[in-house]
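Common to both upcoming complexes is subunit A, partnered first by subunit B, then by subunit C.
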Partner chain A sequence: MHIRVDGLTHIYARGTPAERVALRGVNLEIGPGERVGISGPTGSGKSTLVQHIAGLLVPTAGQVLLDGVPAHARTPEARTRRRQVGLAFQFPEAQMFEVTVFREVAFGPRHLGLNTDEIAARVRWALEMVGLDPEAFADRVPFALSGGEMRRVALAGILALQPRVLILDEPTAGLDPRGRADILARLRAWQAQTGATLILVSHHLDEMAGLVDRVVLLADGQVVADGPTRQVLGDGDGLRSVGLSPPPSIALLEALRAAGWPVRTDAVDIEEVVAEIVPCMADQYHTKTQGHRERDNKLYRE
Partner chain B sequence: MNLLLPGMYFAADTVLHRLDPRTKVGTALVLMALPFVARHPLGHLLTVGLIGAAVILSRAPWRALLGTLRTLFWLGFFMFFFYFFTTPGRPLIALGRVTVTLEGVLAGAMQVYRLCLLAVIAALLTYTTSPLQLTHGLEAMLSPLARLGFPVRELGMVLTIALRFVPTFFEEIETLSRAQKARGVDLSSGPPWQRIRNMVPVLVPLFLSAIRRAEELAVAMEARGFRSHPHRTRLYRLTLTRADAIAAIVVLACGIAGIIL
Partner chain C sequence: MTPPFIQTVHLEHTYAAEDGRAIPALRGIDLTIHRGEFVALVGPNGSGKSTLARHFNALLLPTAGEVWVDGLSTSDPRHVQAIRQRVGMVFQNPDNQIVAGTVEEDVAFGPENMGIPPAEIRWRVDEALEVVGMTDYRHHPPHMLSGGQKQRVAIAGALATRPHCIVLDEPTSMLDAEGRRQVLQTIRRLNAELGLTIILITQSMDEAALARRVLVMDGGRIVRDGPPEEVLEAPEVEGLGLGRPFATEVARRLRERGIPLPSGLLTVEALAAALLRE
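And now, the complex of A and B:
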């Protein structure tokens, strides 16, 4: 699905003392199958923007077009498009209400009007997709699960809708490092399998780096940077100017560069960082050992 | 997420905001009684005038006030028709077995007028008085009852907490219904029984989080050493000023005038 955000402005509580502008004329285009990260400091409008893409809010000005149809419209065309956009809110486990994991995940598909067999197949598929064994989990009570398991069930509930656009708002917030890595890996696998559009909202830039090809940076309701992941995340000063800290890999390379090492600073994953650092270390080691040898020779001659 | 909610406090610095909460609660009660006791049209005119002046003084947002009235639309609608059809008097139109009377129309309109005024007064009270001040004022007004063993302070604390979580509750309803909409439920259309059933995915998580929050709050309060104590001291003391005296005299004078007229 082609997403086009056109001069989108959103004002909360308009005309009251609590009025707050969340988005100011945002323009953005996201093609089918793109993997996009949206980042920015707290209050920059990330969550508001993705809720607009899912057609859940009515714009104050401008619009979001899903394949050319306004996302918030009350027409059948808009409704079918909205249904193809899956949005997982922050802490999606807070929305669970069913008595079993199966029913919880089946909630969305049931509302799509599918028959029982299709629903069962989708629930099974979605649970496997998030790394939960359908046999072991289907009949359990969602509220008796661990935090990480609850998060997976909630995400499965969205995946079971088989959206063509999946939006995740801080999907790993509050999880332990292993849980984070695992969920991100599973999302990557899901995206590769379905070829759907993936929009990831997060201020964990290092997490984002491995999952998206493009990063959109929001600050104060406006797009301040939009480009390939490497380009946006490699611009440490740009990130800092909006109050974000660059991912650790970039910070490390920047520090080495400041110390005089000839390294690039736009490496976004560990392998790339290693590839940057190792040759320099070898050089340094080489010059150092050469220096030692000369000194030893000198001593020896004396 | 700063939504527009009825009954919310709007921080501002106006004469009404600075009044002592006891004055505000007291005058609000008098104003609420006025549309019921006034008999002469002039008394009602006085009431509407006073409330109008208060609205202007409070600089309350019009939209918010209208929103408060809108939430009462159906209640007002039914009240109107209840009186419309059940009051005996001079018949205007006969619709089958029921007759609409002139008295009925007037009585219905009167009830709606009273309901609107009550809503506006209550809204003004919460717009201009922070929940903390409001309960502090109520506590001070009820303190004589404490001698009879009535747990006034505890009641005050319960009220403070309840008021504090009203906006949170509404925000949560908003977020939850959006989240469930994102999962494919159409909350705002379909036959009534369907719509009621669609409330379940919103209400169950809402109550769960409310219970969880209550537990967390209780633990947090105990961790800070809170316990029920008859002589808790206050950071802010209530003081009556000249503005309070003026407000009380004006409203009381109008109240007496309303009864006498």
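And now, the complex of A and C:
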């Protein structure tokens, strides 16, 4: 699906004392199959923007076009497209209500008018996609699961709709590091298998780095940066200027560079960071030993 | 040696599941925390961190064993109010902790409930807002604040009851990086400048590295207890999948490649300094 955000402005509680401008003329295009991260400080408009992409809000001005059709329109074409956009809010498990895992995941597909066999096949596929064994989990009570398992069930419920666009708002919030790494790996595999568009809203820039190819930064309702992940996250000053802290990898490389080391400062992966540092250490070591040898030679000659 | 501020003796806690099964959340915790300590509590989801923390101010009571706070047993109903006055709690989601229409009313809520005279409430609220750096926002409606600001107001609310200790249960997990920085800086001040005992539950090993003592929980037990530079690099802690602080992990990989670096490098600043010294 092709997403085009066109001069999108959103004002909450317009004309009241609580009026707040959440988006100010945002323009953005996201092509089919792109993996995009959206970040920005609290209150920058991230959540409002993705709710518009899902067609859940009516713009104050401008519009969002999904394959050329206004996302919020009350037409059959718009409804069809909205159905292909899956949006998971933060803590999606808080919205679960069914009595078994199977029924929870089947809820969406049932409302798509699929027959029983198709629904069962989708539930099985979605549970496998999130790493839960359908045999072991289908009949369990969702609320008796661990936090990480509940998160995965909630995610399976959205994947079972087979969206062409999946929007996730802080999908790893509240999970322990192992749970976080697992969810991210599942999402990566799902995206590779389906070729769908993935939009990840997150405060965690380092987490984002492994999953998206492009990062859009919002600040005060406007797009302030939009480019390849490395370029946006590697711009420490740009991040700081909107009140975001650069990932620790960037902070470390910046500190070394400030001390005169010839390192790139846009390495976002821990192995890349190590690969930047190792040659510098080798050079330093070399310089030092060479210094010692010259001194030794000099002593010898004397 | 000063007497312990919090002491648990063979503490056990068992929840009843819907189907009547007993789910043990704490399996015999023996722990002593002294005044002025800064303790981080880490462990996988479901390891019992939050359950343990809720025993520190009698939000939960032991199903076996005992918890003593400043010499008072949490199992004695007469002590509950005195214990809650000594140990304040701050939770994960700032939006669930806001009760009033303005920041200062919100902060006044705790002392009002304790029956403190209005003049003293005024003074306590002003002081608490000053400590967390939110004085300029005292007349603002809390829902208009950023996540980090809301969480600082929640901390001020806990401070206004004049506790000796504040327990924070993943206070930064819903905040952006700037909010995290503000809240962590505030927590460090409470400990370093006011001498408050701090117990910080966190999923972030980088945050745990700020504490002077780290408790690692797994399966309802404390499996490791010591200073961060020892605990966070311990192999059995790695086995719990908690990860390591970023700097520690980079240092480990550099050491594998033959670069001699000392252990206990927990922060980016410490790692950069060690590399530049080499």
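As a working rule, the second predicted complex is superposed on the first by the 291 of 302 C-alpha atoms of A that agree within 3 Å, B and C clash if a C-alpha of one lies under 4 Å from a C-alpha of the other, contacts with A are read in each partner's own complex, and residues count from 1 in each chain.
Keep in mind that, in the parts below, contacts are C-beta pairs under 8 Å (C-beta built on N, C-alpha and C of every residue); 3 or more make two chains touch, one makes a residue touch a chain.
In this text the structure is predicted, and so the values were computed from the model without any measurement.
K.L.:
Touching A:121 in the superposition: subunit B (first), subunit C (second), both, neither?
P.N.:
So A:121 meets neither subunit B nor subunit C here.
K.L.:
Per the contact definition in the header, classify A:136: touching subunit B only (first), subunit C only (second), both, or neither.
P.N.:
neither
K.L.:
Could you tell me if A:158 is touching subunit B, subunit C, both of them or neither one (first, second, both, neither)?
P.N.:
Touch status of A:158: first partner only.
K.L.:
Return first, second, both or neither, reflecting whether A:61 touches subunit B, subunit C, both chains, or no partner chain.
P.N.:
neither
K.L.:
Identify the partner contact of A:95: answer first if only subunit B is touched, second if only subunit C is, both if each is, neither if none is.
P.N.:
Only subunit B; A:95 stays clear of subunit C.
K.L.:
Given the touch rule stated above, what does A:108 touch, subunit B (first), subunit C (second), both, or neither?
P.N.:
Only subunit B is touched by A:108; subunit C is not.
K.L.:
A:185 in the overlay: touching subunit B, subunit C, both, or neither? Say first, second, both or neither.
P.N.:
neither
K.L.:
Which subunit A residues come up in both lists, the one for subunit B and the one for subunit C?
P.N.:
Comparing the two interfaces on subunit A, one with subunit B and one with subunit C, the shared residues are 143.
K.L.:
Per the contact definition, I'd like the list of subunit B residues that touch subunit A in the complex.
P.N.:
Contact set of subunit B toward subunit A: 1-4, 8, 10-12, 61-64, 175-176, 178-186, 200-201, 204-205, 208-209.
K.L.:
In their complex, what parts of subunit A are in touch with subunit C?
P.N.:
Checking each residue of subunit A against subunit C gives 41-43, 90, 141, 143-144, 146-148, 170, 173-179, 181, 203, 205-206, 243-245, 248-249, 251-252, 255-256, 259, 270-271, 273-274, 277-278, 281, 284.
K.L.:
Using the touch definition up top, name the residues of subunit A that touch subunit B in the complex.
P.N.:
Its residues touching subunit B are 12-20, 51, 54, 56-57, 79, 83, 85-89, 92, 94-97, 107-108, 111-112, 143, 157-158, 161.
K.L.:
Which part of subunit C faces subunit A closely enough to touch in the complex?
P.N.:
17-18, 43-46, 92, 146-148, 170, 173-181, 203, 205-206, 240-243, 246-247, 249-250, 253-254, 257, 259, 268-269, 271-272, 275-276, 278
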